[in-house]
Amino acid sequence: MKVKPMDDRVLIEPVEEESKTPSGIIIPDTAKEKPIVGKVLAVGTDEDLRENIKEGDRVLFAKYGGEDITVDGKDLKIIQRSDILAIIED
Amino acid sequence: MKVKPMDDRVLIEPVEEESKTPSGIIIPDTAKEKPIVGKVLAVGTDEDLRENIKEGDRVLFAKYGGEDITVDGKDLKIIQRSDILAIIED
Amino acid sequence: MKVKPMDDRVLIEPVEEESKTPSGIIIPDTAKEKPIVGKVLAVGTDEDLRENIKEGDRVLFAKYGGEDITVDGKDLKIIQRSDILAIIED
Amino acid sequence: MKVKPMDDRVLIEPVEEESKTPSGIIIPDTAKEKPIVGKVLAVGTDEDLRENIKEGDRVLFAKYGGEDITVDGKDLKIIQRSDILAIIED
Amino acid sequence: MKVKPMDDRVLIEPVEEESKTPSGIIIPDTAKEKPIVGKVLAVGTDEDLRENIKEGDRVLFAKYGGEDITVDGKDLKIIQRSDILAIIED
Amino acid sequence: MKVKPMDDRVLIEPVEEESKTPSGIIIPDTAKEKPIVGKVLAVGTDEDLRENIKEGDRVLFAKYGGEDITVDGKDLKIIQRSDILAIIED
Amino acid sequence: MKVKPMDDRVLIEPVEEESKTPSGIIIPDTAKEKPIVGKVLAVGTDEDLRENIKEGDRVLFAKYGGEDITVDGKDLKIIQRSDILAIIED
C-alpha cells in the first residue's frame, strides 16, 4: 500500500524520541515542543520540494506540525515543507 | 444527479472510519482529529488540480476540512485541495 | 428591477431547505451549517467567474456566506465566488 | 464643496431604509445587518473602479462598511469597492 | 525644521473638529470614530502617492489612523495612504 | 565592533525623549505610545532601503517597534523599515 | 553528524548571554526578550540567504525565534532569516 503525499507534503516515519539517535541528536521528551527526527518515506508532487528532499533522507521537523496516520500498523506523519527544519547527514 | 465541485474543490465519499481499510490504514475514531480516507467522486474545474487528482482516486484528507452534504441518501464531503494530504495506492 | 452583482459575486434564489430537492439533495435544517441549494439569477462582472457560472445554474453554497436582501418580496442572497461549493446538474 | 474619494472608494448618499425603494427593494431595519441602498455621488481615482461604477448609479452596499461623514448637512458614506455588493437598475 | 514622511505616509495638520469647516463638513466630536479633516504639510517618497496627493491638499482621514507628533508646538499626524478617505475641494 | 543590520532593518541611537530636541520635536513621555526620534548608525542590506535612508539621518520611528540592544554601553534599537515614520531635517 | 538547515533557516550556536561578549555586546538576562548573539554553524539552501549570511558569521537574533535542538551535547538553535537582526563584526 503506497501513501503518495500531495503537493509540498512529505511522509515521515518519526524516530523514537528518548533514545539517542545514531546521529547524536538527543530529543529529550521535555515539556517544551522539541523538534523530532524522522526518516522520509515519500515526497510530495511539488517539483521544488523534490529537488531539496529525497526518500531516505533523515530530517528534523517541528513536533506540533503535520497529521498523524497509521499505515500497516506503523505510526507515521504527513508534514508540510514549512515544518521541516533541517536534513541530518552522518 | 451530478455535483460538479467549483474551482479547487473535490467531491469525496468518506470510507467508514473504524474498520481497517483494504489498504491497511487504520483511522481509529479517537478524540484527536485523525485524517480520513475517501474515494474521489468528482474533481473541480481548476486545471492544475485536475492534473494531480482523478475521479476514483482514494485520498487521505483532514477530518475538520470541507462541507458535509447528502446526495441521493449518501453522506458526502466537498473538500478544498489544501485539505487533501495524500493519495493512497494499493 | 435588475440587481447586477459586483465583481466576483452572484445573485442567488435559495431553494426551500427542508423539502427534498428535485435533484435528490436533502439539506436538513440541522444545527450544523449545512450548505444550501439555490438558483443563479445574475452573475457578477468578473470575466473568469462568468466563464464558470451561468444564469439558471443550480449551485450549492455555504450557508453562512453572503448577504441577505429582499427584492420584489423575494428573499435572495448575494454570494461571493469563494462560497460557491459546486454546480448541480440533473 | 467637492469630496473626491481616494483610490478605490466611493461617496454614497444612503437611501432611507424603511420605505420601499422605487426599485422594489425592502430594507427593513431589522437587527440583522441588511445591506443598504444608496446613490453614488463621486467615484475614487482607481481606474478599474471607474470602469465599473459611475456617478448616479444606485448601489447595494454592506451596512457595516465605510465611514460616515456629514457634508452640507447631508449624512453620507465613503465606501470601499469591496463593500459594494451590486448595482441596481430599474 | 522639516519632517519628511517615509514611503506612503503623509504629514497632516488636523483641523479643529467641532467648528464647521469652511468647506461645510461638520465633524461632531461624537463617541463614534468620525473621520477628521486636515491639511497636507508633506507627502512621502512613494511615487504613486505623490501623483495623487499634493502639499496643501485638504483631506478627510480615519480618526483612529496614524501617529501623533508635536512639531514646533503644533500637534500633527503622520498618516498612511490607506487611512486617507478623500480629498476635499471648495 | 560593527553591528550590520539585516535586510530592511536600521540601527538607531534613540534621542533622550523628555528634552526638546534641537529640531523642535517634543516627545513627552506620556502614556500614549508617542513616536521617538533617533540617529541612524547603520542601514541594512536592502537596496531600496539604502536609497531612502542614510547613516547620520535623524528619523522619527514608532516607539513600540524594533528590538533593544546595548552595544559598548550604549542602548540602541534595531528597527524595521515599516516602523520608520519620517526623516527629520533641520 | 551534519545538520543542514532547510530553505531560509540557519543553524546557530548561541553565545553565553550573561558574560560581555568579546564584541562588547552586553545581553543582560533581563525579563525583557533581549536578542541573543550566536555563531552561524550552517546556512540553509535558499540562494539569496547564502549571499547574505556565511558560516562563521556572528549574528544577533530574536530570543523568542527558532527551534532548540541538542547535537552532540551542544544546545543549538535553528533560526529563520526573519529572526536574524544583524551581523556583528569586530
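Chains here go by letter, A, B, C, D, E, F and G, matching the order in which they are written, and residues are numbered from 1 within each.
As a working rule, contacts are C-beta pairs under 8 Å (C-beta built on N, C-alpha and C of every residue); 3 or more make two chains touch, one makes a residue touch a chain.
If you want to know which protein each chain is, UniProt gives these names: A, B, C, D, E, F, G = Co-chaperonin GroES.
None of the values given here were measured: they were computed from a predicted structure.
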* Asked: From chain A, what is the lowest number of touch steps before chain F is reached?
  -> 2
* Asked: For chain B superposed on chain F via Cα atoms, how large is the rotation, as a multiple of 5°?
  -> 155
* Between chain D and chain F, what is the gap in Å from one C-alpha centre to the other? -> 43
* Using CA atom averages as chain centres, what separation in Å is found between chain A and chain D? -> 53
* Asked: Residues of chain D touching 2+ other chains?
  -> none
* Among line, ring, star, complete and other, which one matches the pattern of chain touches? -> ring
* Can you list every chain round the ring, opening with chain A and moving on to chain G? -> A, G, F, E, D, C, B
* Asked: Which positions of chain A touch chain B when the two form their complex?
  -> 1-7, 9, 11, 42, 45, 67-73, 78
* **Complex contact set, residues of chain B against chain A** => 23-28, 32, 34-35, 52, 59-60, 62, 81, 84-90
